[in-house]
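Dropping the structures in below, format is structure tokens.
The two complexes that follow have chain A in common; it is paired with chain B in the first and with chain C in the second.
Let's turn to the complex of A and B:
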């Protein structure tokens, strides 16, 4: 069995997309890796990450560089960041979400590298620890902007990683 | 076609244990990736230590960025006897912390070895560390231990992958 296997991918079309969702994720892998290049139509770069359509029992811890200021904070709903409508045109964010043991009965912790870069003084790069306090196997992942929609050419690729 | 990523070994703890130890690592790959889900058996937020080839000499240096949810910081240590990671895990929750370690060009016999590692748990914090091992030996053993002889909890899973550049 290949170690890395593409499960599914999404390339947003000309009409944009309110969210990007992967469903019916098989439990046959060990870990999941989601690679996202998002840009959204609003000026708020927050994008939520929900598993199995659940928006509750989530939290995060973040280490960040926001426009040159380094800090750390916490929040209550799993998240990544996206490039926003006021950023340099034709620019997209870059994010990796690594979810180990996604089909286990443990709560689901993940590590996230997420950035939005811009040819101006505004930017964000962050390392995020996301947590979904639920023992269910992850069978669906939905990423949804806090406001606005994903614009055309935003992409998301979901890989399964097997240690078999 | 040769697979680019290959599993070398997996360790799943059936009971608490003092170390995670990958031995006899083949030198036939180009890079190594270690993926872990860890939890401590007792101590909250202990440091995690890593050594290569069981070298206990002062041959390691460490640069870290870290955050605890309210403040960020950085550290730099030279001539250490291990690579040290902060903000690892919490025995008071049911949550396991993901760990991702990349060791590039681990099997060459010419250069010193660098490991780039991320730890993170929502209830504790994050650590992003680069560690240098000043040895030209190929890495054939990677050992994780915890501060104050704390044990890793039952259920911890570590997998080491080899990456072939071919």
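Let's turn to the complex of A and C:
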């Protein structure tokens, strides 16, 4: 039976944050789960996800529903989505990033389930298969908005998952 | 000054620190990219709205009522 352990968490303060980084992640778990509830100060909801401060050797495939328009596409830099400044006030996104075998020497694939919240028909939900083609163990995770900053009360919780 | 939050998982301590020069450069590059992207999106929206207005005007000139145009 899997055991979920909260490793660390953060709530963005009144000054906002350009990015959020979890560092010195212990290698003692089987998988990682990062739960993020982001809102950013820009009208673009893209938030990049980098491991070990690396922005290279990344790719993704996704299925999405953008305001009723469904599709599938690919891209080059791992990402999640955030609620943007033009969405309903005081709403935040809901995202989970599941990273299996994060400390192994294999490439690091991860599953992203990401949803924006908006009291409108305008929103986005996506299932994303992120990939970091690198054999290094993940010891740090950084999430950085493509534009703008994380606003106050955005949150991120990092869990370690043990199979034993 | 733009800052970032660093959560040290070995201690549980969160610190707020200023961005590095490299991170500032990355943000500036992304901001420039976003400005171009936003301008393209705005232009597409404006062009679409102009085309719609032009089409509606032409239909009205043919004698269609506003309700008939809206029903299309």
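For this structure, a couple of remarks:
Note that in this section the second predicted complex is superposed on the first by the 162 of 164 C-alpha atoms of A that agree within 3 Å, B and C clash if a C-alpha of one lies under 4 Å from a C-alpha of the other, contacts with A are read in each partner's own complex, and residues count from 1 in each chain.
We take it that a contact is a pair of C-beta atoms (placed from the backbone, for glycine too) under 8 Å apart; a residue touches a chain by one contact, two chains touch by 3 or more.
Keep in mind it's a predicted model, so treat the numbers as computed, not measured.
When both complexes are overlaid on chain A, chain B and chain C end up sitting side by side without clashing. Measuring from the middle, so to speak, at the Cα centre of chain A, the directions to chain B and chain C differ by 120 degrees in steps of 10. In the superposition on chain A, no contact is made by A:90 with either chain B or chain C. With both structures placed on the common chain, the touch criterion links A:14 to neither chain B nor chain C. In the overlay built on the shared chain, the residue A:109 is in contact with chain B alone; chain C does not reach it. With both structures placed on the common chain, the touch criterion links A:147 to chain C but leaves chain B unconnected. Residue contacts after overlaying the shared chain place A:24 against chain C, while chain B stays out of touching range.
Look at A:63: by the touch rule set out above, it reaches chain B but stays clear of chain C.
For chain A, the partner with contacts to more residues, out of chain B and chain C, is B.
Between chain B and chain C, the shortest distance over C-alpha atoms in the superposed arrangement works out to 21 Å.
No residue of chain A lies in contact with both chain B in one complex and chain C in the other. If you check the complex, the residues on chain B that touch chain A are 3-7, 10, 35-37, 65-72, 93-98, 100, 118, 120-126, 128, 155, 157, 159, 161.
Contact residues of chain A toward chain C in the complex are 7-10, 12-13, 15, 17-26, 42-44, 55, 144, 146-147, 149, 156, 158.
Note for the complex: chain A touches chain B at residues 2-4, 30-31, 59-64, 70-74, 98-101, 106-107, 109-111, 113, 127-131, 133, 161-164. Contact residues on chain C toward chain A in their complex (touch as defined above): 2-12, 14, 16, 19, 23, 26-27, 30-31, 33-34, 37-38.
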